[in-house]
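Structures incoming, each one as structure tokens.
Note that chain A is present in both complexes that follow, paired respectively with chain B and with chain C.
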Partner chain A sequence: MLFDALLGLLLLGLAWLLLSCRDLFKAIVLFVAFGLLMAIVWVRLDAPDVALAEVAIGAGLTGALLMSALAKLPVDNPPGRYSNEKTHWLLPLTLALMLLLVASGLGYALWSLPVIAPGLSGEVAANLEQSGVSNPVTAVLLNFRGYDTLLEIVVLLLALLGVWSLNSLDATPATAEKPANLVLDTLMRLLVPLLILVAAYLLWAGANSPGGAFQAGAVLAAAGVLLLLAGWRLPTALAGLPLRLALVAGPVAFITLAALTLLNARLLELPVEHAGMLILLLETFAMFSIGVTLAALFLGQRPQERGGSA
Partner chain B sequence: MDRLYLILTLFLLLNLAAGMWRVLRGPSAVDRMLASQLFGTTAVAILLLLAQLYEREALRDVALLFALLAAVTAVAFVRRLWQSHEHK
Partner chain C sequence: MNISDYLSALLLIAGGLFFLAGTLGLLRFPDIYTRLHALTKADNVGLGLMVAGLAIQADSWAVVGKLLLIWGLVLLAGASVAYLIANGALKRGIRLWRR
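Moving on, here comes the complex of A and B:
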């Protein structure tokens, strides 16, 4: 189909421009555009769940994160200072040869794939009734392969712990934000409640159509990022224990359930009659933790606590 | 009707390709940013047409998310980069 061909060409062209671009701001805009096109590609591949995650994280949050990072770099960063360096002619040749080798290996692997590979989708469809939900993606993520999701949520928490440990000795105060003007203030008042509502909708919809905890959590994080950008900061009274409780709520809920199911010697195997309810409960905690963790990652440093012991 | 939707999505995608020119040429950061915002709007239109074409309601959710999250990038640009990188 012409549409798909054009989409693929655009995506490849964008990827090349993005990688070869020396102006960092231009590269960020190209990256956001790449995320948009990638989401349309996922839609065309009939994977709307991935498209939702790509839009929320790839185009939304990462764009804002990259721009904040660029704003912290020194402005007089001379672009293109690598262009004057003379490289030996063997280097590009060797690189080209190695890339050609990798590309031909990948091409061969792709060529030797079976034409029709049903994978495990048949088994998922056959057991869908026991999962408690009717969206196969949610059934796999929260029930059939629950421990994968548990570990993924812990990875997010570990990432935040890493960022916080790197920053703990840095005594520089948080950059003073400009006060929000009327337009931004009004936008916040309209958009933040809407984002929270959409997050709740995606969580609920995840049971029988694309959506779920990760997508909903990313939308919740977007609301947090908007508030942070507008100059809002977590009240110091909440930055201590309450924030940490919010961060671990998802992993703790998961681990509790894992421990309870272990009593029956069946790790994370949800009882069929309560599976739908348990999945919704797990996803609610997970969404909350994912949202708070992503927003905290965007802030990039420990929020100021009462007593200044941060 | 389906043929019309197909032609329209293709036309919108061509629009997107044409918008790339503004991202690449600039000249100012605001031009690039606004072009990428236009991409977001175009992508919403493409997704809504695809949702109609293939009768997949889930695609409307993707379009909703597109529309909401385009604002995050725009606000990040205005709050963090516009003043400090204005000379570009």
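Moving on, here comes the complex of A and C:
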């Protein structure tokens, strides 16, 4: 009880610190710390699946993405330059009033919730046997609410397309070949195979314990980020069609299955006898695509292709 | 509480002390190199003691193996990252602290 209260207060304090911090680098570090604490909160709430995703994607990969974005910002951009502008006293007052209104509305909504709200967990538990897996989170994500996951994966792909199309506006030259740092290189060679193994384990474990495609994909992406940081670049022969195939493998697998199930007029309703196999297959493709997409987001620009422009 | 409980409590507290010392060093030491020294030394040993304390309580050898794997990974990453940070600081021309 005391621990939870302390955790909540710490979370609020960190959130305030990172929002009010003028140094962008410091704000990113605080954001990562916030993500780690948030993961502990999820563990305390008995949601290890969300905690894993929060640590891998929320703290780890988003932190790396923010850092790479910060590195691309112009250096002469003074942080907090908006704070010195004189604003009329009416603006902060109006904002405070509006925020208060929203907060009281949310508070009222929370207050009027029933104390014991089982939600749909009972129905999930009752139908778990038909889902093909024994982890209820995986059952919901991949079977009962498969179309949500389909849309999430497509959103990730759209984000990458957005980054790529923005980046073609100013063609940044590919990074020059640097002599690789020996320690970083050795670390990468030790860790990348291990990360691939962990990703495979998380994918397999997702059927009956916390884990799954998103967590495994994030671990794969971490391997990609490590490779990119160590100076490794995608061979130009792979940057064209093979990369694009890897990016769309997950969505295509999902959409194919959706189309096949639609033949029976039941969208993404998996047949009970093959459900476990289908979920594993779907998750494998999804993990692959999620990993490649997240790593490509970290790179932040279209990789150089053979013969073509970047 | 039996003897193994006391032993793991002792190990965990000792580990916590190492973390405390490392954090104190991070906050109080004068430059980046001494801070790195405090952090890596303390965290490696501190985490090792914690892993030992938790391993005593583990139900199976598989759990002990996982704990040891985590410690090994942290050792590897901690040592490498400390070197990378110190190397980067040296290349940027950050001087060593002198009294």
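As a working rule, the second predicted complex is superposed on the first by the 299 of 310 C-alpha atoms of A that agree within 3 Å, B and C clash if a C-alpha of one lies under 4 Å from a C-alpha of the other, contacts with A are read in each partner's own complex, and residues count from 1 in each chain.
Basically, a contact is a pair of C-beta atoms (placed from the backbone, for glycine too) under 8 Å apart; a residue touches a chain by one contact, two chains touch by 3 or more.
For clarity, every value in this text was computed on a predicted model and none was experimentally measured.
In the model built by aligning both structures on chain A, chain B fits alongside chain C without clashing.
By the touch criterion defined above, A:Ser209 reaches chain B but does not reach chain C. By the document's definition of touching, of the two partners only chain B reaches A:Ala51; chain C does not.
Touch criterion not met for A:Ala15: it reaches neither chain B nor chain C.
Within the superposed three-chain model, A:Leu184 lies in touch with chain B and with chain C [touch as defined at top].
In the overlay built on the shared chain, the residue A:Leu157 is in contact with neither chain B nor chain C. The wider contact with chain A, measured as residues touched, comes from B rather than the other of chain B and chain C.
Minimum Cα-Cα distance between chain B and chain C in the superposed model: 5 Å.
In the superposition on chain A, chain A positions 184, 187, 191, 194 are in contact with chain B in one complex as well as with chain C in the other. The part of chain C that touches chain A in the complex is made up of residues 73, 76-77, 80, 83-84, 87. For chain A in complex with chain B, the touching residues are 2-3, 6-7, 10, 13-14, 17, 23, 25-26, 29-30, 32-33, 36-37, 39-40, 43-44, 48, 51-52, 55-56, 59-61, 63-64, 67-68, 70-71, 75, 177-178, 184, 187, 191, 194-195, 198, 202, 205, 209-211, 215, 219, 222, 225-226, 229-230. Within the complex formed with chain C, the chain A residues making contact are 181, 183-184, 186-187, 190-191, 194. Residues 6, 9-10, 13-14, 16-17, 20, 23-24, 26, 29, 32-33, 35-36, 39-40, 43, 46-47, 50, 56-59, 61-62, 64-66, 68-73, 75-81, 84-85, 88 of chain B touch chain A in their complex.
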